[in-house]
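Below are two complexes that have chain A in common, paired first with chain B and then with chain C.
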Partner chain A sequence: MLLTVSRLSTTFDSAAGRVRAVDDVSFTVGAGRAVGVVGESGSGKTVLSRSIMNLLPRRGVERSGEVRFDGRDLTTLSTKEMTSVWGRRMSMVFQDPMTSLNPVVRVGRQITESLVHHLGMSKTDARDEAIRLLEAVRIPEPERRFREYPHQLSGGMRQRVTIAIAIACSPDLLFADEPTTALDVTVQAQILDVLSDLRTDREMALVLVTHDLGVVAGRTDEIAVMYAGEIVEMAPTAVLFAEMRMPYSEALLRSVPRLDDQPHRRRATIPGRPPNLAAPTPGCRFAPRCAYVAERCLSERPRLEESGIPGHRFACFFPVGSTDGQSNLARNVKAEWAPALEIITHRRETRRSEPAGTPVQVSAAHDRDPVASPSTDSRKASA
Partner chain B sequence: MGWWIAVGWLTVVALLALLAPVLPFVKDPSSLDPDALRQGPTLAHWFGGDDGGRDVFARVVWGARVSLFIGVASVSVGLAIGGFVGLTAGYFRGRYERVVMSAMDVMLAFPSLILALALVTFLSTPGEQGGSMFTVTAAVSIIAVPSLARITRAATLTFARREFVTAARALGAKHRRIIVREVLPNVVPPMASFALLAIAVVIVAEGALSYLGLSVQAPQPTWGNLIAQGRPQLDIAPHIALFPCAVMFITLLSLNFVGDKLRARFDVREVRL
Partner chain C sequence: MAGSGGAHLRPNEAASVLRVEDLRVEFPARDGRVVQAVSGLSFDLLPGETVGLVGESGCGKSSAARAVMQLPRPSGGSVILGDVDLTQLDGERLRRVRSRMQLIFQDPISSLNPRRRVSEIVAEPLEIWGTGNAASRREQVEEVLEAVGLDPAIAGPKRPHEFSGGQCQRISIARAVVGEPTVLICDEPVSALDVSVQAQILNLLEDMKARFGLSMIFIAHDLAVVRSVSDRVAVMYLGKLCEVGAPERIYARPAHPYTDALLRAVPIPDPAVRPHREPLAGDVPSPLDPPSGCRFRTRCPRAAPRCASEEPQVREVEAGQFVACHYPLVGAQATAA
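Now for the complex of A and B:
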């Protein structure tokens, strides 16, 4: 295994108290493989990638666990020793190309910098290599772009440049931290294709961090779903989409809009907000927002365990598709809908007792009313 | 337009000061001409003559040599020391920053003229009247350091936390290289525009020192001692003090003007990138 992360935890001291942003995370990345890390904002995915790369601020951060990269435990390396790993062995593409490029340095020099410094290339060799790199990330007119400043490039171009910089020294492992979030939808696919192609061409492992399951669906071998700092489900990509067990993964997938959706269909959302990591609860962290929740989920923490399928792990007592889960869901839906159902039954009864000859349009309006309000939450409607 | 006038004035003053020994129309500042005694401006003596019949224009030009040299030299020294302190403090933070910046604050809290007086006295060799070019430059440099350090640190703080610095780290750049190649180019514009303002402040400081007789000694002319020399004769020959005053005033105004313009121009907000 190229990268083995075991029991990695990262805590921050914040004004609200100690925040456990990464909580007991373990996973592996094989050489040349692509792993997606998916979760909503604040789920700890960015902190996870920075914890692995040792790029956290020095103060107020505590990290425990082991990050074994190519036989060495990165958590024990000093900053000085890390300098030989950064860039040459592992590298990173950041979310916002507006801020991750130096505004006052020409694009070309930002690429040649590490070529000259790490690989000891001569200035002219580095220049040729940089232009080849710009071509590899499909930048038209690389010679011209080489001499330009970041503000002269579009957002997509800039992100291509940051990718070129990150892969300049042919790292074995590339982290891409939401590489497309700051970009136009049309450009997103191009950037992701560039990343995928580079991975295959250069036999480089890729960890793609994103909040969008759609982004990782076709471009990764494995997916880890993160929630509140933990991995709640991890599986080979095909298995995850076919056998999704964790209610959070299911809810995430539901929130991806589909082309075959009806027009004006309300987007499925996950109700509530991610939990406060400074004040953890004893139970499952997703329980307050989960449609499958039962008593046990609030008091006990489910552990990440193997499902029957190799490589598939999830943390849930009442997984999607299980009989227990389904009965919980039915019960919860019933409980939540009870007030609405009451209104419906009440109206039916009053209508029955009303004398014949009530205007038709009035009763039709009555009928539509109670049905319309609960169905606004299509998560339950479709569940 | 105004900017070009300011730049033009500064260029002219700088060129005159630089080329004073070779320019034919700049007379010898110490040669006495009895005809020009306290005489107002004429074609022969553009700014008139002083109480010894010396050419005031030549003396102002030679005085500019001293004032401008001390201004530029001490700000350069201040930039080197203050810039280094500010860059490292803003980049490394922590205890180092607290110690170093507290020291700077202590220096800033000192009344600068008194500090300058003390430094000149302390730095000059015993028995020496006033200061030499070297002691004055050294004293004024030390006074310029803290404010330049603060400005540099403030600019560094905004850039050292930017993502491109993290990105450079993720590519294996060492601290020194990040400071020199990533942070410094971003910090130079605000530093440069502040440096121009600092030169103006330093020229005033040197003027004050030499007015008090603590800077370079007469007969070598400086703007400060020219004004001091003209002061007792303001009622009979006002031009002796007025011309050096006016030249100094316009020079300081131009420096401030250019510095302000540069600052506005380099004040790059991320939005505009």
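Now for the complex of A and C:
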């Protein structure tokens, strides 16, 4: 294994108390593999990649667990020792290309810098290599772009430059943290293609961090779904989509806008918001938003366990598709538990041809935020 | 694609809420050059309808929306709201009419004044217009905050930084609808949000539309996002219109090569569907010096010599599907290229 993360936890001290942003996370990335890490804002996916890369602030952070990269435990390395790992062995691309590029330094020098520094190339060799890199990330007219400043490039072009910088020293592992979120869909497709090609051509492993299951569906070997700092489901990509067991993964998938959506159909949502990590509850962290919730979920925390399919693990007592899960769902519908109503209506609408089951009165209550008042208001909204 | 004309406009009898004809937005640039942000855009909006305006960054969709609001005034064309042409109104009369249109922006956090309380932000439109008295205004603000799913007692006294992006977008929506406008223009209202929150906001916009009887212009760069909310979708490229039609139709059988490329770029949440390779190469050309003829021709897989010399006009290729392209993918000439 190229990267083995074992029981990694990262805790921050914040004004609201201690926040466990990454909670007991374990996973592996094989050489040349592509792994997707998916979750909402605040799920800890960015802190996870920074914890692995030793890019955490020095004060107010506590990290435990092990990050074994190519045989070495990165958590024991000093910043000085890490400089031989950063860039050369593992590297990172961030969401906003404008803030990760230096605005007053020409594009070319930002690429050659690491070539000269890490690989000890001469200036002319580094220049030739930088132009080859710009070609590799499919920037037209690389010689001209080499001499330009970041502000002269479009957003997509800038992101390609940051990728060129990240891969300059042929790392074995590239973290891409929401690399396409600020970009147009067309440019997003181009960037994802570039990343896929680089991975194949350079036998580089890729960890693609995103909030959109659509982005990772066709471009990863494995997916880890994160919620409130934990991995709640992990599986080979095809297995995850075919055998999704964790209600959160299902809810996340349902909220992706699709080209075949019905006109003016209410969109499936995940009601409420992620929990406050500074005040953890004993039960499953997704329980307050879950359609399959039962008593047990509120008091006991489910562990990540094997599903029976190789490589597929999930953390849920009443998984999607199980008998217990279905009966919970039916009971929650009866009790007019908003998330459950939502899941039922959504299923009914997606299978329009089938005869409807038990009639369910749907209110817009599932759309409320936690600061919202009790249910009366949203009824008004839907009236 | 990327042509002019108004073949897709519905006849006047349809009593459109908003009718934009031949809209031009130009900005001066250095050396006497001109940025042609919007060039001859026409569209109309019927009562209770949502028109989705879709295109990449720099296609002029935001400039068009602002020009509709007369922010700033367009360089040419007409913007008819109800029965008045906004481009012909002077300052004070325009100010009075403008309250009938409201705008929601992409970045919910920077579009709210960080120093003011939520209740003050939402009350501001009412105060400007002197609607009712203080008590009735307070009541109205509470009602609209509840309608967008925020508890007025909890949310009202807080300031924007205490809310998440999705909640800030709810506040922007409350501020936009409190004055009961007829037209709501949403400029990429969900592109800064997580997919799960996007869905909540899209549902909320649909609720608001029903409750306040709004007509909506919904701007986005992603065709999937506008699919469920729009009655009509207009695809724009470099300041011009490419294709207009009902989403069911143009998503199933896009006529414009650009619409086709945009559809292929949408990531499909299904690992069995291989992503299309390079649906569209390169970047949008500069609006300082747009290509001759069809503005899309430099990136179009179907471009022919005619596309450089002659600008395509918007025409109907199938019932209810309008396209500005010499060689559309749909219709009698579909095989011509």
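Convention: the second predicted complex is superposed on the first by the 336 of 383 C-alpha atoms of A that agree within 3 Å, B and C clash if a C-alpha of one lies under 4 Å from a C-alpha of the other, contacts with A are read in each partner's own complex, and residues count from 1 in each chain.
The rule we apply is simple: contacts are C-beta pairs under 8 Å (C-beta built on N, C-alpha and C of every residue); 3 or more make two chains touch, one makes a residue touch a chain.
Given the structure is predicted, the values throughout are model-derived calculations rather than measurements.
Undergrad: After lining up the shared chain so the two structures overlap, which partner does A:Val256 touch, if you call chain B first and chain C second: first, second, both or neither?
TA: A:Val256 contacts chain C only, not chain B.
Undergrad: Have a look at where A:Gln190 lands relative to chain B and chain C in the superposition and call it first, second, both or neither.
TA: In the superposition, A:Gln190 touches chain C alone.
Undergrad: So, A:Gly87: does it touch chain B (first), chain C (second), both, or neither?
TA: First partner only, chain B.
Undergrad: For A:Asp24, select first, second, both or neither according to whether it touches chain B, chain C, the two together, or no partner.
TA: A:Asp24 sits against neither chain B nor chain C.
Undergrad: Counting residues of chain A touched by each partner, does chain B or chain C come out ahead?
TA: C
Undergrad: Have a look at where A:Leu101 lands relative to chain B and chain C in the superposition and call it first, second, both or neither.
TA: In the superposition, A:Leu101 touches chain B alone.
Undergrad: For A:Asp70, using the defined touch cut-off, is the partner it touches chain B, chain C, both, or neither? Pick first, second, both or neither.
TA: After superposition on chain A, A:Asp70 lies in contact with neither partner.
Undergrad: Pick one for A:Pro150: touches chain B only (first), chain C only (second), both, or neither.
TA: Touch partner of A:Pro150: chain B, not chain C.
Undergrad: Looking at the complex, which residues from chain C come into contact with chain A?
TA: Those in contact with chain A are residues 56-57, 146-155, 164-167, 170, 194-200, 202-204, 206-207, 211, 221-225, 227-231, 247-248, 251, 261-284.
Undergrad: Could you please specify the touching residues of chain A with respect to chain C in the complex?
TA: That would be residues 40-41, 140, 154-157, 184-190, 192-193, 211-215, 217-219, 237-238, 241, 251-253, 255-270, 273, 364, 367-369, 371-373, 377-378, 380-383 of chain A.
Undergrad: Which chain A residues qualify as touching chain B in the complex?
TA: Contacts found on chain A: 53, 55, 59, 82-88, 91-92, 94, 96, 98-105, 113-114, 117-118, 150-151, 162, 165-166, 168-169.
Undergrad: Given the complex with chain A, which residues does chain B contribute to the contact?
TA: Interface residues on chain B, with respect to chain A: 94, 162-164, 166-174, 177, 181-182, 185-186, 268, 270, 273.
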